[in-house]
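Chain IDs A, B and C follow the sequence of writing; residue 1 opens each chain.
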Amino acid sequence: MSTITKETDLKVHEDGELVEGNPTFASVTADISRAPEAGTPKLWFVAFGAALSLMGLGLTLIGYLFWEGTGIWGIQNPAGWGWAIINFVWWVGIGHAGTLISAILFLFRQRWRTAINRFAEAMTIFAVICALVFPGIHVGRVWVAYFMFPLPNQMGMWPNFRSPLLWDVFAVGTYFTVSLLFWYVGLIPDLATFRDRAKTKIKKAALAVFSLGWRGGNRQWQHYERAYLILAGLSTPLVLSVHSVVSFDFAVSLIPGWHTTIFPPYFVAGAIFSGFAMVMTLALIARKIYGLEHIITMRHLENMNKIMLLTGMMVGYAYSCEFFVAWYSGNLYEKAIFINRAIGPYAWAYWTMIFCNVVVPQIFWSRKMRRNIPVMFVASILINVGMWFERFVIVITSLSQDFLPSSWDYFSPTFFDVGIYLGTFGIFFTFFLLFLRFLPMVAIAEIKGVLPQADPHYYEHNGHH
Amino acid sequence: MADQEKKVLGILAEFANPAELVKAAKEVRDHGYEKFDCHSPFPIHGMDEAMGLRQSPLGFIVFFMGFLGLLGGIALTYYVAVIAYPLVISGKPFFSFQAFVPVYFELTVLLSAFGAVFGMFHLNKMPQLFHNLFYSDKFAKATDDGFFVSLEGEDPKFDAAKAKKLFESLGASSIELIEGE
Amino acid sequence: MNSSSLAEQFKLPESLKPGKIALIVGGAGLLLSAVGFFVDAKQFYHSYLAAFVFWTTIALGGLFFTMLHHLTGATWSVVLRRFSEAIMVILPVLAILFLPIIPGMHDLYHWTHEEAVAADHILQQKEPYLNIPFFLIRAVFYFGVWFLLARTLKKYSTQQDNAPEPSLTDKMRRFSAPGMLLFAVTLTYAAFDWLMSLNPHWYSTIFGVYIFSGSLLSVLAFILLAALYLRGKDVLQSVITLEHYHDLGKLLFGFTVFWAYIAFSQYMLIWYGNIPEETEFFLQRWEGSWKYVSMVIVFFHFALPFLILVTRAAKRNLALMKVMGFWFLIIHYVDIHWIVMPTLHTEGFSLSWIDFTTLIGIGGLFVWYFWKQFAQQATVPINDPKLQSSIQFTNA
């Protein structure tokens, strides 16, 4: 083979740099450590204060909800599920991009993921926390929320394992735990870097504890890399399963518009779609504020836009497939619900969804638009709006107009629906700002690993520098 | 050696770049040392072969844990749905495994992930908050941009002078004796 | 080194004529199938449909693999690109092989019976979609789209062999993006038309994705076997290395899980909902000996290959991988058989000799045309900018 490799004169096709400029290992450490070490900027306090107040609002309203009961929400007959489930599905969905980036792109050797994975994983964890608020509070009698778990009790009562809501407990619980472990494992080498840079004794001691005594020896790296690979391999089917199980909440029932077999993959695609949009929104802000333009490069942004285009098309495929099969099924109720979605009282929500999720991403066919920051910023926000409306359309249209026209009603949210939803944004951003302030927002060790000089073969061809 | 209170616990040599480190690792292994390690801020390709490490047994731990999770899931759902609280739901059998598959899957994944993370901690002897290498001043660079070979004093063939000579011949940019109590 | 001598170097050796026997076997198979037509026309049409869909899904998988390769800009699969390209260009040939299905529509599809439609108000509702002229127009459309996609990608690829133009790589990538969209729509509706409408009351929105997952698995198996065949003849031995087989193994492993996920989603939702018009499909496949076929699919399409392929050592064992290649092709056929045949043999599983002759007949032509296309060009895309890295690729 060697004769052929020498004889062929092939140009290497460059896609753009993974890290721009000519960084050294030390400069990568310095760049990423700068923000957490530099002290707290004023703007951070402003943002943190805002997030904290929003969280306070949410928690206050949740407290009132506990006192008063779920009657303060807009739910009524026949729409017994309202914003709580919509927000739950929306937040869980947002989390999915983090796992996709950290696990699936890792398995597919998409090395550009290193710039954004840490942050996307953090987003996953905080989004899942926000999501978990809703099943926790929607049960009404929160003090018996432990009924959701299979715990032995004096009543001899056990949860119903045939209920998709119980599967949710297992799926989302596992997802949260595994995401947290995955994130933490990824953080260990970077925490060790921070430990070795720490100036004060207390900080050093704390970081020494959290980095578990990491020494960066290859005997450690060996098992570490294996564990990381296995976690990526486990997270990939896990992330598919989580939103599939969430989709089962709807699809195992017989409600028209819910009971359809495409739901599992369709929900997963939608989750990744909205998650990438959220990563995009946050990444654009963080890279601007912290000056990480050379680490989160245009190439990363463009790739994310391509994935949004792809998953947007998948979601569009599912919408059209559902619509066609509703007609094809010959089932009166299926047909009616889809016609109702398009031209009924919630048509405004339906077309908002179509516009944001199917029409807006089409702009990314153009390379110029894929590389235009204001465009992608607006698009990413619109996509998240669209994905919220997708869940709204699914939950509300199917419930408020089911089999019996005499019980149809129009759903309107109350102040408490909106307030608690906003409150979860407060929770999310509070955690996220803490993360940006204190932890390495980009995976230091991984970025070093993708630099050209990280490969031992680099030195054979280029000589020493 | 000179100082009564301080003992030589090992030796640490720094190398210029990953390629040098891989080369050094091969030599150190070929000289018959066993208790040595190569430290770098990121994992280096080909280092496992250079150091002569066997494949990590983590996969077996994970497989075992995953199997345990699956069995646990089956046992739990069978106990709950058939023995402890049998209920006829939509006319289906008590043990409707189809509906339990999501639970089996999640428990398998959960326990596998525990196996991967805690198995890795076990194999790496983590948490180990103190290690002799932390006596070194230079070693902090190993998490930044330093590439080190460390040789522990407990190695049966350890001899500080010989090791120093070896590292010098390999072109180490600095060599440090690790001394401590 | 210029292109023409490189092309020479990577030419399939003249001595290798793997397609010839396939053509003879295929011809013989089709002749015997023709005999089968006179013996039992209804059986013939069902067997033919199953065989035709089986090979078409492989060809469609080839199209998908090629476009996915371009879209992701993958490195490792460059050396396998010629295989998937030679597979996708079989689609136009399959268009010709579609023709025998047309006279068989009456035997295959219940909705073509006017008296049945007149007595069934659901079928009446479906008539705007399920009628013979529209069915044929759609088939022409599907094959037209596939022809266009396969030919265009092949054309660019050939151009690149003659002139080392990296811009052609971008061209193929740009073409593949809308191509993927067309692919998804046509595959879905082809699956609805040819398979789902065998039972015109039954519907499942995931059905297109289900067929897609099987098609991807089978094309991976086909590429694996073709490459291993050449390896046995000392061709491309140092180009398609153990690392590439390892990657194919990983994809086979991953997509057998994906297939299981899709299959289980479809099954579980229908089982749970328990609506007659949906459950009918699975109920029929639990009838009599079909039950055992259903179980075979669960174990041989998912459980066993999952356990076998889970380790790294297995994916790097070429003898085992060869077995798995045949395994996945066979089980994909069983899957298609299990979808098609219960409408004919409602009482239970029943294998006919015509099943074999049609399968081998179309398969022989498929394999023959594959090698014919494969031999036309260099065995690897010699001017692909990533060829070098692909050959040197290793699994970290």
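General observations
The definition used in the following text is that a contact is a pair of C-beta atoms (placed from the backbone, for glycine too) under 8 Å apart; a residue touches a chain by one contact, two chains touch by 3 or more.
Computed from a prediction, not measured in an experiment: that's the story for all the values here.
Chain-level centrality, scored on Cα centres against the all-protein Cα centre, points to A.
Sorting all chain pairs by how many C-beta pairs they have in contact places A-B at the top. For the pair chain A and chain C, the distance between mean C-alpha positions equals 34 Å. Spacing of chain A relative to chain B, judged by their CA centroids, is 29 angstrom.
Taking each chain's centre as the average of its CA atoms, chain B and chain C sit 43 Å apart. Those residues of chain A in touch with two or more other chains are numbered 237, 241, 244, 248. Each of the following residues of chain C touches two or more other chains: 268, 272.
For chain B, residues that reach two or more other chains under the stated contact definition are 45, 59, 99. On chain A, the positions that touch chain C within their shared complex are 1, 4-5, 7-13, 15, 107-108, 236-237, 240-241, 244, 248, 251-254, 259-265, 313, 317-318, 321-322, 325, 328-331, 365. Partner chain B is touched in their complex by these residues of chain A: 24-26, 29, 150, 156-162, 164, 166-167, 170-171, 173-174, 177-178, 181-182, 184-185, 189, 192-193, 195-197, 208-209, 212-227, 230-231, 234, 237-238, 241, 244-245, 248, 444-446, 448-449, 453-460, 464.
Interface of chain B with chain A (complex): residues 16-22, 25, 37-48, 51, 53, 56, 58-59, 62, 76-77, 80-81, 84-85, 87, 89, 92, 96, 99-100, 102-103, 105-107, 109-110, 112-114, 116-117, 119-121, 123-124, 126-131, 133, 139-145, 150.
Of all residues in chain C, those touching chain B in their complex are 264, 267-268, 271-272, 274, 310-312, 396. The touching residues of chain B, counted against chain C in their complex, run 45, 59, 63, 90, 98-99, 101.
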